[in-house]
């Protein structure tokens, strides 16, 4: 049995309007994480659950105050325009098949209790080299959600490009499907190098996500970060500087799920 | 404890005539999978169980409609001439010793409940290079089944060629033996490269299996696929095209059990 | 929880005279296995338990009749001169820490129920090259058993040579110690190559073991096998022939515990 | 469920004055282990618990008398000047995420029962080459303990240097934080080579620890050992001698947690 340590940050579970769960955990190019962390900075959603787990990496990280803290994953909610938003963000996700399934079931239990009937997972498709104009691909759990979002300028033939979506970004959709919850993955091409940070790619995903959640979010801060990252990277000669930059983002990289690029 | 999500596709368990279970899960050269998937296309058996498991790969695939779906394994049945047939086919099989044992026990429980007293597993013996005239070898759980099938033109001295049959193709037989269920493996030589698709080898196995199940199955479609595969492969220069071809078959390759070639 | 499938081969547990358990499972140089398998051939002990386990390799092997069978471990007993003998032999041993501990506890439970208060484990110390005159080293759980066997011409300073005894050969002793059961390891230098078969080294161990169990066992058959093995090996140019020879011994090699050579 | 074999070495749990737990298990450069083993030699604390676990390496080591023994971890206490001391030392620590979490929870349960409200973990930051003047860094669980120890000449910006503290040295702090127990890691730069022994670095840590626990401990023995180690190492040409030296210290190295150096 997995051991969860779940800290509730509410007295009464909020009543949400048709909330959509948006997942952005560490993964390929850190695209999903950068995108959702950015949304959390911008929209300042309220923390609902902070989850520690015996299936996360057996380590501690440094939080914003520089204090050591166990890796955790947090579930937030924000009031949206027409519907409310749930965000799943954090430091880690379980690494083995069984633990990854159990984690995803757990998250869906929490989301369902909050009335969630739609899940959108974000991530990257790791390519063997840098991508000039990264394209965003979509994948869905069924016809209903495909029709709902077919007007978006997203190529929904992800299955032509990759074989599988690995980790929480995949399992949350697959397990949602079994619960008759709609699911969609938005995956962008990115550079598969473990130390690459896909700012530009995250921006690409958010451009579509803005339309999906019907909110006008200013992406200029992310653009600036992306430009700065690109500029610095051009100058970098030694890996060490790049790594110290990574650290500032408090992302960690012992694992990069999302997808294996196969064709 | 493993977590199974089993979807029943029947109201009442069908009464079968002395059914034989034929297994063709992903493995070496995908031979077993290609063979059983072909039989399923030809004979259109009825789905009994669709099984998802926390021990399958923590990922989602793309189904025929392009929608994401958890990896699953299915049990089908078809009415045969003298006896009925059970087919075990799917996307994955568990990877660790304990999970593989638990999976195989589970499948045998289901087969036994359907009255099955004979199991035939199909697979490949991975050789280090391409095989011009792949030979089919057999292995059995005891004398009764050896006598039953001794008239087949199969070399039953598999034990001279390999040391062990790995994964479900082996465990289903070993565990069947403990239940006094007869078992036979039909393994063909194949190219052990993880991206090789043993169409030709699958055809070789089916030639024998036709006699075993006493049915006249037209293998010309498989022959065509095999010829096309061979032709294309000759032309291929880059791996990418080959991989995209693999994808069309919706097989996946993160693991190739069946046998380790040892001599 | 581990799953054990234990077949009892007796109606009533035999009453044994102060039995000593002698372990010879697959390991470094297959020394322990060769030694105990030889004793079983010579002394023809009676089978007590045949043990299958979900923690053994998920595969089937070929038994003497060429039929497929799950890997198993067997416990035998033989009447000895002054005291009786228990033999632990088989195809495999669990591979992970937890499973190896559970397995060793299980075996000690069985041995204790049979009145066993002494355990002797056999194995090899893998050296990086062939050993002309392999030396036998001993290690014990305490003073009593050290005094008991100090007259043997064995170097009991194994701790000067290696850092740890890995797998069942080690754990059976360590766990025995916690039960106040005496334990001794007899480890011989051997060639650590995974395909090496330490016939000569097994003979070296049996020379000592004969004295320990006070029985006159003719080792000439083993000598012959050893000489034949050495002769053939000199001729061998390709690995394949060597491997097919290995297969005849029905040993398998996916893992070689016993010891890691460190100095 | 993990299996623990816990030997109590007391009749009644001692009443301790505000004890601080000091952890020094095997890890990077063996710094923590050397430091705490040295304190145990000097202060001769009383053994409280000896812990064996199914999650330690499946092997036996050789104890001071040369007898084989399971790997174990021990909890000791010593009367201190103003407050009492708990020491955690031993041969091993669990290796996988889940087992490492369970182990650390177990240790904290024991410490809490003894009234412990402060945990200090010791370890190394593995650098890619030898370190002339290794620096000690600190990390804490919160403001209170930071203020308490801010007068020490330790750089508390460990988070600028490394990304994570791995294994028990990290988890004991992270899990302590959830129990409102204060925690601090003292990590020193060290050479990350698996066979390096950080005597000098351990001395560096103890210089700070002396002040923390308010005791005057003579480090000259450790200095001598360090000087001898440095001298011998300069002469060493082959790895074997170094390894045999390692063995004398009864440390083992199949794993080196503490931290991954990242920048």
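Letters A, B, C and D mark the chains as written, and numbering starts fresh at 1 in each.
By our rule, a residue touches a chain if its C-beta (ideal position, glycine included) is under 8 Å from a C-beta of that chain, and two chains touch if they have at least 3 such contacts.
This one's a predicted model, so the numbers in the text were calculated from it and none came from an experiment.
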When subunit A touches subunit B, do the two copies use mostly the same residue numbers, with over half shared, or different ones? different
Quick one: subunit A and subunit C, Cα centre-to-centre, how many Å? 52
Subunit B and subunit C: spacing of chain centres that average the CA atoms, whole Å: 36
Can you list every residue of subunit C that touches 2 or more other chains, as numbers and ranges? none
What chain-chain pairs meet the touch criterion? A-B, A-D, B-C, C-D
Considering the complex alone, what residue numbers of subunit C touch subunit D? 96-98, 100-102, 139-143, 146, 156-160, 163-167, 170-171, 173-175, 177-178, 183, 185, 257, 262-263
If we count contacts the way the header does, which residues on subunit C are in touch with subunit B in the complex? 2-3, 5, 52, 54-62, 65-70, 95, 99, 240-241, 243-244, 246-247, 252
